[in-house]
Every structure is written in structure tokens, then in C-alpha cells.
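Listed below are the structures to be examined.
Here come two complexes built around chain A, the first alongside chain B, the second alongside chain C.
After this line comes the complex of A and B, so read on.
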């Protein structure tokens, strides 16, 4: 755990003392703010619907985690830093966990901007329904966790950051639109299986203001699987 | 040289084998982890292990308790198919109908979430080439030709829920070029949950219960369209799953065995002793009776008053009246409008299945020319309950010597309110009964009697106002308590004013300028500091 925290701190420092994180945040927040205002106007000022829509905007979910995590393992492997890390007195799991937590912190920071919108809306006199908004925020963080874990997995699996980012992006699309792809199949079992593994369906529960234990378990479990896979791939690098 | 080449080949072979071994180990680990994750996900979604909290202020993700009970109570494994054939109405109703249909879709999704293994929800494509053929095929299979409906079916039973009428009532408003100016369309009522739950009940319950209306004593015309007739009630009961028939004892003899509810609505002549015995025997064997005396007071043997008194409901003298509220709010006496009493939530029994949902929805029951009811001697083991009550600001107006009402309160001769306007009596059937009538949800443990004081309560003229009360009353009498009205809930709308000088400017600045710019400045600051 201590090792993971050390890596986490190192990653955060690296992230926020470099231009990438701030540039990403600036662009993402600008686009997200623009989208939010467009939805506010489109919905005739419906605050709850607009905040939910912005929280559920899958574009940020598709792009940000791969861009954040693409360099975390593959770049360090190319630069030789990973070998140094792996010989340090921290476990492979700590390395992956620390990097994952750093990426998740960034995503949490990004999603918390939606809470800032809500605070501003409350300040101008329309109190949003806070409880479901916080539920949606929790859901967005959980989905981001899953996508960051997939990004780390891609980063561990591929040696170039761009390839890792691309593969993570593809994986995110597959995971997010699994029920749509499954709908192409005529098998009812495939459709049912895809529905039970649907990220969007589980995420939608949070966006509607429902805290569902099965959705929480779903995200935690599959995030853990992706992280576990990333750890095994990092270990495999050691054995090469 | 030969030895070196041999060693190299051996190392290459070992390396490949090692890599294959590592890949196999990693793959096996991942497969096991994925399997375990799949198992955990499956377990977490099991109804017994799953818990759910609805965080919304209006409880918009939660079905009404009655609806949940109905869905949970559905027996058997045969699925309930819900086929949705909806598309927004044409302009100017497009937006309002789309919103209402969205609400309905949300409710259907909640129903599916309540019993995912039982409810099969299909939204059919009604526009574009995708799925149009399948939609048409399904419509043919269901035998429907119209769109704008939701079809709930199970086995060979099906129920059509119409968006307009059953689910939503929409006021089309007024176009801008009409006198009085533009009035936007608006949603008058949304009864989606009630309509869907009723449809589920209709396709999952047993046979349709029979409601018999006595005939041959000057009762109101069951099928008539005049204001005082009962045509609207009859149609609504049929739509609600009842089979409505007339009971003419002269022709049919005793109350038919399949009768679930017998209604004696305002007979103008007394029942014959034989008919009275038929009714008593029916009730004493566990039947349900809804009875209301006519305008013309008939006392004595064979009258509704006498019948009701046997079940603890005594029909009093006079007509319940109240001061009519005139212009400026001043009380007006001496006009027939004084006999119109509106019962609001506070005048309804809080926990009775007939009135509980009406109270919650703050609906009203409109009653005219009602006799006051009193509690009499209750049947053995029975329970009497005041269902509807008139306030203390009422009096029982008595006719003068010529039989004419003056609608003036005479302190000396006329009683003051409050009065009961509807009384229920429940008691264990004193006679052994036949098997419960088909259509009831369970074995009936008690006889049920509902006595009312106002014959016009059932009439076409008041039906729209009193529809839910009357349907609830018949459903209660038929032991279908689940089929009571479910209060509609308004969506929790929180809107930001978009006009000029509004908070939109502040929000724009915060969302598009301040937040991104502060990130940019922080990034520049960090970069500048690092360079130094």
C-alpha cells in the first residue's frame, strides 16, 4: 500500500508538473462547458436534465482515460524507467495501483467541474437536486475508473503510447457500445449477456439518481479484473 | 562452431517455450479472473442480494408501493410482454407528447427493473426502414391497427393501453391567431403508472369479475347516455375488466353464482320479499353489495334503506346541504345548489383502499342530493367505516309539508353536520358460501357492503369527477384492492431562467471561461515555475 502511495504521489507530481494534464483539463473543461450550456438551452433551462446529460457525456469517457494512461507504462518501458521501478522495493501491483489512482484522481477532478456548475446554478437561485447529482458523479468516477484500468492494461500490453491510446480507445468503444454490437446478433442469449455486461446500462442507473449495489459491484469487479490483467502483463515484462 | 550454433538453437527453443508458458499462465489467470468477475456480477444482480436507493427528490425512479406489490405478486413463469408502439403526436403537441411518452418509457423501464425475469419490454420502431417490417409483423400478431398504444399481453390475454386517454390527457391549447391569444398545450393528467399496472393485472389475474346491476324497479338506465343514466360507469367498468350485466330477478331468479358485485342503484320501488331474500342470501354467503337509495324516499320492507340497515348502515332523513358560496365568498341559502357537497381529502377515510389513493392525489368527490348516513348496529364480527364525510358546516335539509326543500337551515328541526355520505360494512359471511367468484384475487374472507347516500354519484353527469372513486369502489367490492387508482406524480422540474439578465450569463462565464482559463493559467504558472 505504501508503495502504491509513493507511486501515486510520483505520478501526480509528474502529471500536474507537466503540460499534458493542464492542457487536457483546459480543453476538456472548455468543451464540456460548451456542451453543458448547449443542453441547458436546448432543454429550456432544465437544470437536472442538463447536469445528468453532461455527466453522462461519453466523449470525455472515451478519450480522456486513454490519453491519460497511454504513457504510464509503455512510455516508461521505452525510456527504461519501468525497469528501474520494477527493481525498486515496490510490487508490480503497487506500481499499477499507484498509476491507476493518479489517473482516477485526474478524472475525479474533471468530473468535479460538474459539481461546480451545480454550485453556480444554486448560486443563481435554482437549487439542483443534489443527491442524484452526487450519485451521477459517483457513477462517472466509477466508469472512469474502469476506463482508466483498461487504458493501463493497453499501456502495459503495447509498447508505444499512441498504439496503447488507440487500443484503449477501441476497447472503450467496444465496452461502451457492447449492447449495440450484440444487437447485431440474432441470438437472444448474446443480447442478454451483453445487456448484463453493459457499461452504459449500469452507468445510466447512476445518472438517473439510483444507487444500485449491483452496478457498484459491476464497476469495481471489472476494474479490478482490468488492473489484475495489467499487473500480470507488467510481471510478464519482467520475465522476458 | 557447431557447438555454439547448437546452444543458440537450444536457447531460442527454451525462450519460445518460456514465453508460451508465460502467455498461457497469464491467459489462464485472466480467464479465471474474468470468470470470477462474471460470477460476482451475476450474484450481485440477484434480487435477494441487490439493494437499490432512489436518490431523486420526487422518487422518480421508484414505482408506487401498490404497483410494486402487484408486480411482485404475479405468479408463474410465463412472461408479460409489453410492446410499445408510440411516437410523438404532430405539432403543436409534439414536445408535450414526447415528454409524456418519455415519462411512460421511464415507468415501463422501472416495471422491467422490478421483475426483469418476467417483464419483456420492446419499443417498436415506427419510423424509418429499420425494424419497420418487424413492427408491422408484431402489430399483426397482436391484432392491432392503431399506433400510440402500449400492448400488455400474457399468453392469449392482452390489454391495450392508449397513450391518449388511458395514459395522458392533453389540452391542445389555443393558436396565436385565435381570440384570446396563444395558449400553449399542456398536460392535464398523466396516469401512466395506473394504466400500466391495471393492464398487468388484467392479463395476469383470473377471469373477469361480473358486476350485476339490479333492474326492474325504476333504476337508472345502465346503458343510457342521459345525464342521470349510468352509461359512462358501465363503459368504465367494462374497460376496467368487469363484465357488466343486469340482474332482473323476475327472469333470472336468484343472484347469479358468478356475481362478484351486486349494485342496487336508486330503485324507485321496493324489492319484493323474494328479491330481498335473494340479495340477503347473496351477501350472507360472502357477496358484495353496493347500494344507494333513490331520490324518492322509500322506507319499510324491501327498500334499500331496510337492506342497508341490516348491515349497519342507516339512511337518515333529509338532504345533506351546505351554504353555497356566492360572489365575493358570501354564503347563499335557499337555492338547490346548496345540496352539492364536494368531499376533499380531509373528508375521506385515510387508509381505506377506496379513498387512500384519492386522498394522496388530493382528488375530490362531488356529491349532490345525498342522504346522510349513520352507523347502525353492525353485523356480528363486522366493521363499519365512514368512507366519505361532509364537514361540520353542513346540515340535513328537510322538506316542508309540501315535500319541497327550502335549503335554509332550521336550527330547531334540522340536524347539523358532520354527516357520513358513504359507509362501508365488512363482516364474516354468516352462511357458508360457494367458491369465490372468478376474477377475485384470493378467497374472499368477508362480505362487503358499501352504502351511499347520493344516487347521482353514479350518474353520467358526475362521472368524470367521481370516476376514480367509483372504480375503486367496485374494485374493492370485487376484492380487487390492488386495482385502485395510483396517484400520478409530477416530475421534479427545476428550471433556470433563460431570459436576459438571468443566471445564464454567470453560468456561461463559469463553465466556458473561468474553469478552462484557470486550468490554462495554472498550467502556465507551473511551466513558468519549472523553467525558473
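After this line comes the complex of A and C, so read on.
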């Protein structure tokens, strides 16, 4: 645990000392703010719906986690930093967990901008409907967690950051649009299975303001599975 | 302090380590010598707990490197050849990070970072970004990182590679200062490098221990191949000159390396340095000298010979 916190702290510092985090944050915040304004205008001033829409917008979800996590393992393996970390008195699991938490913190920071919008709008006059907002925020953070874990898994599996980012991006698309892909199949079982595994369906619950413990468990379990696989891949590197 | 028994390590198709066994006592400073690809880094990585051995047994400070990896990692300072450092951190922060990894308290870290910066001569660079340091300074930061937890065992992989001669001397000085407090195992492919710092040298070749002893013992071994190199115009009768050389007392072998224009190049192997005697001979017979020198075998020669012996052994068995 101490090891994971040490790695987490280092990753955050490293992230915000480099240009990547700031550029991503700047562009992503700009785009989502612009999207928000566009939706507010179209919906005739429905603030809650607009905020929900920006929280549920999957673009940031698809792009940001792969870009954040792509270098975390593959590049450190190339530079030799991984050798340093894996011979330090911390477990492989805490190395992966620390890096995961750093990426998740970044994503949480990003999503919290929507809460800032809501607070400002509430202060100016129109009080938004808080339940779907807070639910949407929690959901967005949980989905980001899953995608960060997938990104780390890709970073552990592929030797170059570019390839890792691309594969993580593909994995995110597959996961997010699983029901759409499953729709190709005639079999009812496949569609049912895809629906029960659907990230977007579970996320939709949060966006409606429903905080369902089974949905929380759904995200936590799949995130844990991806992280576990990433830890195993890091361990497997030693045997290559 | 360090114990290695029958350590093999195979990568998919390559046998990196064949069968390596050695022991290093507490406080010993040992040089691990061998050409590139001999298995030095692999052995050090196994000891540091980065790579598992395919079988066999290795222990550091009494702990099995495979089963009690954490205990081992707490007790070693390992500096890989690539000198991994986070370029975006300041020197002091990098050392502090290592302190945190080793679970040191804030007070302890502050004290130790100061001590280590003094030890590696970087006290005035604590606030400089690691990424902006020269190769030599980076190497010193790497040493500092390895030293920070005050480990019982220091494992340094090629600590002087890529440094200029002055920087090499600096690093050597630091390592020598460490010798009385830590057990040190360092690797190199340069003999004088190891000779300068290590009272004990282990030569490894093709994944096997080829020699193990003090530098003096190894040099005595090297001196078997020492010879006088003569390059001279021998006049008309070269075979006659060669015969005269062989007749000198103590000469084991006279090897004519052939003529270059009017000059012959000849190696004279003897039990001792016969330059004076050969000089006298040259004056007496009017050979025009171009070179008369005492040549010790280089490390490459020793490796070549060791390799040959190992191969013959393998063919024989």
C-alpha cells in the first residue's frame, strides 16, 4: 500500500511536470466546454440535460485514458525505469496500482470540471437537478477507471506507447459498443450476454441519477480484472 | 553475503548462463569481468531480483532471491547499466523517491539525501533537473540512488561505461570509498578498470566462470602470453636471424609474423623480458630496428584462450 502510494505520488508529479497532462487537460476542457455551450443552445437552455450530455459524451472517455496510460509501462520498460521499479522493495501490483490511480486522478479532475459548471450555474440562478449530475459524475469516473485499467493492460502488453495507445483505443471502442456489435448476431443469447456486459447500459443508469450498487460492482470488478491481467503481464516480462 | 550455485538462465533459444557458481563474503569488493554478452548483466539481474533463474539457487544476505525477493530488494542497491532516472525530476527529488520506495521516514530521508549528495559530490546540484545532467553526473546520481537506503550489498552494472577518463576516475574513487561499508559486486569489460578497484576478479565467458582470483593471480596468468615484439631489417639471411633469436636463453618460441617490405615482424616468447638481449643481438648483427617492445597479452587474448579451452573441453566431454 505504501509502495502504491509512493508510485502514485511520483506518477502524478511526473505527469504534471511534463507537457502531456497539461495539453490533454487544456484541449479536453476546451472541447467539452464548447460542446456544453452548443448543447445548451440547442436544448433551449436545459442546463441539466446539457451537463448530462457532456458527462455522457464518450469521446473523452475513448481518447484520454489510452493517451494517459500508453507510456506508463511500455516506455518505462524501454528506458529501464521498469527495471528500477521492479527491483525496488515494492510489489509489481503496487507499481501497477500506483500508476492506475494517477491516471484515474487525472480523469476525475477532468470530470469534476462539469461539477464546477453546475456549481457556477446554480450560483448564477438556475439550480440544476443534482441527482443525475452527481450520478453521471460517479459513472464517468467509474468508466474512466475501467478504461485506464485497459490502457495499462495495453501498455504492459505492447512494447511501444503508440501501439499500446492504439490497441487500448480499439479495446475501448469494442467495450463501449459491445451491444451494437452483438446486434449483428441473430442469437438471442449473444444479445442478452452483450446487454449484461454493456458498459454504456450500466453508465446510462448513473446518468439517470440511479446509483445502483450492482452497476458499481460491475465496473469495479472489470477494472480489477484488467488491472490483475496487467500485473500478470508485468510479471511475465521478467520471464521473457 | 552473496551466494550463487549452479545458476543457469535460458531465454527462448539462447543460453545466457550455463552454470555459474560463486560466493562473495561480507565486505568483499568483487569485479565481474567479461566481454559483452558473457552473462554479466543476466547474473546481476538475477541477484537484484529482476530476472528469475531457470533453476539453481542464488541468495543475497542470507535470503533466497526468488522466494524472499522483498527481503533481498530491501538490502541491495542496484544500479543497472542504463542508469534509469526520471529526467523530469530534480536530483534531490529522485533520491527522495528512492527513500520513499524504501519506506524511510521524512526525517531519515532528508538526512540521508544530504549525506549521499555529499558522498557522490552532487551537493551543489540537488536542485538541478536530472534530464539536464551530463552522462558523468547522471552516473553519479544513479550511484547515489543505489546508495540511498545504505544497502548491505551494492550491485553496479558497468558503472563506468560511457564515461570519459576523468569521470571514470571519479566513479572509481567513489566506489573505493564505499568498499569499507558495503559488499560490492560490479561488472565491467575493461580489465584495468576492475584491477583499480577490486581485490577480487571473477571472469565470466559464455555463461561460465572462466577464472576467479586476485588481479595479481590473473595477471600472472596473463603473463604466460607476454612476449617481445621485434620489427627489424634482418639483412639477407632471415632464417639465420630467427635461429639466433631461438638460441637466446629462456626463449620458448620465436614466431615470424612475416615480412613487410624489408622489415620482419617477429614475436619472441620467453619466460622473461628479453629486450636487452635482443637489442645486443641486433647491434652485433647490424639489424636496423624499427620496434623492440614488451607486450603483455590483452584481456581479449585471455578470453580467446579461455574460450578455446572451454570449447575443447566441451568437444572432449
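Everything that follows uses one rule, which is that the second predicted complex is superposed on the first by the 240 of 240 C-alpha atoms of A that agree within 3 Å, B and C clash if a C-alpha of one lies under 4 Å from a C-alpha of the other, contacts with A are read in each partner's own complex, and residues count from 1 in each chain.
We adopt the following convention: contacts are C-beta pairs under 8 Å (C-beta built on N, C-alpha and C of every residue); 3 or more make two chains touch, one makes a residue touch a chain.
Predicted model, so just to flag it, every value in this text is computed and none were measured.
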item	value
First, second, both or neither for A:90, with chain B first and chain C second	second
A:2 touches, of chain B and chain C: first, second, both or neither?	second
Chain B or chain C, by number of chain A residues touched	B
First, second, both or neither for A:17, with chain B first and chain C second	both
Partner chain(s) touched by A:81 [first = chain B, second = chain C, both, neither]	second
Partner chain in contact with A:46 - chain B first, chain C second, else both or neither	first
On chain A, the residue positions that both chain B and chain C contact, one per complex	17, 239-240
Chain A to chain B touching residues, read off their complex	16-17, 19, 21-23, 25-27, 29-30, 32-34, 36-37, 40-41, 44-48, 113, 116-117, 120-121, 123-129, 131-132, 134-135, 196-197, 208-214, 217-218, 221-222, 224-225, 228-229, 232-233, 235-236, 239-240
Interface residues, chain A side, partner chain C - complex	2-3, 6, 9-10, 13-14, 17-18, 79-81, 83-84, 86-91, 238-240
Residues of chain B touching chain A in the complex	18-19, 22-23, 26, 29-30, 33-34, 37-38, 40-42, 44-45, 49-57, 60-61, 492-498, 502-504, 506-508, 510-512, 515-517, 519-520, 522-524, 526-527, 530
Chain C residues touching chain A - in the complex, by the definition given at the top	11-12, 45, 48-52, 70, 73-74, 76, 78, 80, 82-84, 86, 88-89, 93, 97-98, 100-103, 145
